[in-house]
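Have a look at these structures, which come just after this line.
You will see chain A twice below: alongside chain B first, and alongside chain C after that.
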Partner chain A sequence: MSRPLTCCIALCASLWSGAGWATPDPVAVVKSEVLPGFETLAEKAQVLEDAAQADCSPDSDALRAAWADAFDAWVRVSHLRFGPAEVADRAFALAFWPDTRNATPKSLQGLIAAEDPVVESVEAFGQVSIAARGFYALEYLLFDPAFAQESHYSCALTRAVARDTSEIAEAIFVDWQTFAQEFDAESDRYRSTEEALQELFKAVTSGLQFTSDTRIGRPMGSFDKPRPTRAEARRSERSIRHVRLSLEATESLALALAADAPKVAAEIREAYEKAFAEIDAQESPIFAGVDNPAGRFRVELLQAAVERVRTVVGAELGPELGVIAGFNSQDGD
Partner chain B sequence: MLSRRGMLSGMVAAGLMPARGWSDVGAPRFLAAAKDGSGYALHGVSEAGESLFSVALPARGHAAAAHPERAEAVAFARRPGTYAVVLDCLSGRVKAEMAAPAGRHFYGHGAFSPDGSVLYTPENDFENAAGVIGMWDVFGGYRRLGEFPSHGVGPHELRLMPDGGSLVIANGGIETHPDAGRAKLNLPMMAPNLAYVSLSGEVMEVVEPPAGEHLNSMRHLVVDAMGRVALALQWQGDVAEAPALLMLHRRGEAPVWASAEGPRHDAMQGYAGSVSFSGDGMQVAITSPRGGRVQVFEAGTGHFVHEVLLEDVCGLAPGATGFVASTGIGGFHCIENGTARAMQAHKVAWDNHIVPIGA
Partner chain C sequence: MNHHLTGVAALAIIAGPALAADRGAVLDTYADLAEAGYTDAAETAQALRKAVDALVTNPSEETLMAARTAWLASRAPYQQTEAFRFGNPIVDDWEGKVNAWPLDEGLIDYVDAAYGGPSDENEFAALNVVATPNFTLSGEDVDATEITPELISDVLHEADGIEANVASGYHAIEFLLWGQDLNGHAFGAGDRAWTDYAQGDDCTNGNCDRRADYLVSATDLLVSDLEWMAAQWGEDGAAREALTADETAGIVAILTGMGSLSYGEQAGERMRLGLMLNDPEEEHDCFSDNTHNSHYYDGMGIRNVYLGRYERVDGSVVKGPSVSDLVAEADVELDAELRGKLDTTMEKLGEIKAAAEGGFSYDMMLERGNAEGEALVMGGVNALIDQTRSIERAVALLGLDGVEIEGSDSLDAPGAVFQ
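Coming up: the complex of A and B.
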């Protein structure tokens, strides 16, 4: 190759990278960062269904462990709120939270009080209020003293929720096999590689926002009115665990999107490291310290670290992918 | 030498002159908030898209309400803001500050009664997750008069109906709590509606989205002199499933849902930011900043007419015959016959809305 041409290529390449055109293949990112997570969720949910069949008692170690594994798998994909997870309220039926009006315990109480025979068939249970389904409903049935009592009906209800959870997880995974092809440039759902990448990028930013505003923000409440009882999955003491799992999941996706931009990837990694360090510094697994100054300060540091991750991802990764949006388009009203 | 403007504002401040009208500030046709360098301001804009004045805002604005007579604007903080400032557009001074009562926050919009005596503000009673409409005594220095229910959750924007005796309210349906920022707390259960409510708070008519479309948040609306209401919606579900984002309605009639076909509709990305009738009243349009486009429909039938591509467009208002539209990259455009003509390019980022004055 002649020298001037090499120079031109080098120059052009640097111009392009300056303009922000690191474009990983969205199909490859979906294969490595999305499909395995939904496959794991489907597998673990099947184990959960089997465990409930084998032993429905709320203090069964095997059942609680299977529920915890499947819940972990859900939290790891909970930022992927587009496509198959959004069909027919599936994601909400798996994960009805935050539950601002206590609809989950109310709906469960209603089913139990009536000994509603809806638990007897998969199809019928699929029509039950989404508040009485999924991982958070199971948490009440396994961990809340008001619900975690063995009775013939509560056993049938636990099995029905576990089976329904498994059905939904399986349906999402099956649909993802074909939906993954939509990320190909030839598909019509996304008109360009940038649009496909934007969907994945948005999953990172909205996942981070949910963790910051809701998983951390809800128990924080305000300084005058801390709300520790609003912590996610506090009955099973999983609140901080969910923050960690969700951050691990969005970090993995963000780094896959930043694969061609090592400097950006390094900045992202550094911001996440600080957030994980703040998680390690938490004293309560369920944000119980938000109502005292020292504990609250620790949680504030954690939230600030997650916000820092959001800022780095938004300001560095977005432009790198060419998906930066404008003053109005990225904002909402 | 003291400028006429400086002298007038001094006299107003000294209470020597009555409050001035819009003609005293160059007769702007619109108000629009913008980001200017590192600061924020509310601009008075002419029909030709020129900025006639600008008044500094303490933080990023959302929309404003223009007093029908006085050169006076109420600028609201973005939701979940708890304050609004009343600006004298001649002097640039803050005439009054409005603080939301305890347990309430504003949604960034408000509307004056036709005689300019009362300002109505959609607000969130966040502990009870209920929408309320606040009433403020304009001539008494923007004193709180009271409130009544909006008959829904998350009332975002409202307008006075031309009968002068009722309001039309877009209840977005989304529960938020200031502790959790702008996080949406109730998506699976959300129930948006368009509510017509008397000025004493009685509900007169309610329009809801069709079954299966409860995730379509009703957000921004306009009403014309004949009582035709046009509503812009924001879909909270999977963007590929987004239903129509424009609803046309008249009291007592079935709503008309308007959307472009197939991929054109998909390109709106489930999000309509602003809505307006055209200057001649024949058309109605919605903007999508995410899709970077303005889609125009027949006002009478809701049939799609054409679309105009404009990067980061959001603000929209009636023009001479067509529309004016503003963008986050500074453009102020005239939209007619399916084309956008840049009237002015400003070195500001225009914010979500253009508010017509005297409409």
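Coming up: the complex of A and C.
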């Protein structure tokens, strides 16, 4: 059994102390690396809401395209799960995955069976189980044969989820306008530039951890028991795509943090390049090959390349910034 | 533990104000707390074993109630040991045997029709070993005609590589004593009848002899697992030795245990997720409705570790130099801040406990739209998140002593959250 030990404290050595620490301006990093992503998410989610309103049928090309664009935008900010995304369960409601309890189909089935009128009000729908909301719930409604059938109620449900998604995306973006100021000087939340930078650094490390352990690790399972059906968003064949998008996003943030440290930046870039090359080498968009030796080997190489990125970021960028990885929500089992 | 004064002085010159020598004493206290905690858990589990014996030899309403009471009594010391879990690989690798959760209880015994059958995630979710002496597991024929501790630990536990196949530990025993809680979000816990253990014609739900064998074997296993862990923290125990091998790594292990339990595990997986899913089964002690105590004593365990003080089941106190002392030496304000936040958490978890004991049980708090329940649970969640921030500050403070942790990469391999 593996119940991996989950501490993620790596103490920085103060051997470097005083000399040569990079101190990028956290406010500038937020402006270039955080705000645009949430703005795009808000815009794309609005398009999704409008598309569902115009045509709620599961095979609507316009609706599926709008959902895919908005989902892309989410994955690009999915490592930024702090501050406005953490308020009122917003990130969880947008993206409840992995779903080890099968809670998403169960919750959707419960709403449909009861024809629960909760779909009629934006406010009431905000109280519904996170498992029946957001991008992954919509994936079931649009792509799963058990759900993707047009009925009066499923149409109302699709519209409700799309509208709720748009509301949440908008709320996160609006709140970020003011929250960005918390990264300035000594706010209440971050007592020093280092604490502000640590939050951004943690976004990189926890984003990489999620991609490696969960997006890639879950379908891998073990050699004796590969679990291809655990691949993220496999119904819409987006699994590998999410790995790529999330790596692009954390690379961009890591490089912004390493702006004053060209040597570290070069190492980071090189590690990411290798990871992207391993993505290009994958044959299945949904990790379908994990149950045969050749396919599994390719996925193992990809995971190793992402692990290499984690090591470089943890061992090089952290000390450069003078921060520790700290705790994140993935600690625990 | 003796420290030569000259050694202390020499280290102080190199290491600055945080005395390296103090750290050894802090680690000793921590290991003493762990030893006392696991010993208390083992002894209360032995009492549970006696109560289980009385139940199966003389099944009655009274003996069932006595066994439930003994189970509840053992939870309080055990939960306080959870602060030792993250940060100590010996504990973390072992923990799943005694406290794994959530479980697909249909693996063990009969369940309500609404439970469903095998799921996409778990083919054996409804195996029902109590009623099934022979079955095939991952291609192998299993002979379960005799239900033994070995069958439970070596064959059934995490069967087919699925973590939800929890065959041993507190929650398996809890299910066998209480049964499923079929009250949804309404008041009430599991209501297994004592006749599930009656022999002969009085037996309800079938296979009472095998059910009794399962309960006895699972409890034997719990006792031996807890005794084993108590020994790991004894004078020459492996856990104590691993902790004290490197003083700075040991302090990191202490703070890691506090932070990981506070944030990812308790605030996230155990509390906030259940609230967000509105699922009445998303409570840690879901059969017995004891979750309020489970959360409360987890929080208390974190505070015990920081303050270097544990009140044992018999009322005696184990205490000594603590991480709090180390932090205070370097930054008295941060120590006050962290102690204050740990106290706030205990107040908030205490409010949940008081409400539950007053009839507003934890699964009722999880209901969709239950604002009062949400406020109570989120009070605990927010306090735990808040204390994690101060724990991080303590890590940064104590870490700046010129010592790099070797091998921290191997520690930094977490499982996914919210699985």
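Convention: the second predicted complex is superposed on the first by the 302 of 333 C-alpha atoms of A that agree within 3 Å, B and C clash if a C-alpha of one lies under 4 Å from a C-alpha of the other, contacts with A are read in each partner's own complex, and residues count from 1 in each chain.
Throughout what follows, a contact is a pair of C-beta atoms (placed from the backbone, for glycine too) under 8 Å apart; a residue touches a chain by one contact, two chains touch by 3 or more.
Just so you know, these numbers come straight off a predicted model, no measurement behind them.
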| item | value |
| --- | --- |
| Touching partner for A:Ser121 - first (chain B), second (chain C), both, neither | neither |
| A:Met220 touches, of chain B and chain C: first, second, both or neither? | first |
| Which superposed partner A:Thr229 touches (first chain B, second chain C, both, neither) | second |
| Partner chain(s) touched by A:Asp188 [first = chain B, second = chain C, both, neither] | first |
| First (chain B), second (chain C), both or neither touched by A:Asn292 | neither |
| More chain A residues in contact [chain B versus chain C] | C |
| Contacts of A:Gln209 with chain B and chain C, given as first, second, both or neither | both |
| Touched partner set for A:Gly314, first chain B, second chain C, both or neither | second |
| Partner chain(s) touched by A:Ile130 [first = chain B, second = chain C, both, neither] | both |
| First (chain B), second (chain C), both or neither touched by A:Val87 | first |
| Overlap of chain C and chain B interfaces on chain A (superposed complexes) | 89, 92, 96, 98, 100-101, 103, 130-131, 209-210, 213-214, 217-218, 221-222, 225, 325-329, 331-333 |
| Contact footprint of chain B on chain A as seen in their complex | 82-83, 86-87, 89, 92, 96, 98, 100-101, 103, 130-131, 188-189, 191, 209-210, 213-214, 217-218, 220-222, 225, 227, 325-329, 331-333 |
| Of all residues in chain A, those that touch chain C in their complex | 1-15, 17, 89, 92-93, 96, 98, 100-103, 107, 124, 127-131, 194, 198, 209-210, 213-214, 217-218, 221-222, 224-225, 229, 310-311, 314-315, 324-333 |
| Chain C to chain A touching residues, read off their complex | 86-87, 89, 92-93, 95-96, 102, 119-121, 138, 157-158, 160-161, 163-164, 248, 252-253, 255-257, 259-266, 268-269, 272-273, 276-279, 368-369, 388, 391-392, 395-396, 399-405, 408-409, 411-419 |
| Chain A-touching residues of chain B, taken from the complex the two chains share | 35, 62, 79, 108, 129, 156, 175, 177-183, 185-189, 219-220, 234, 237-241, 263, 267, 271, 273, 289-290, 292, 311-314, 327-329, 349-352 |
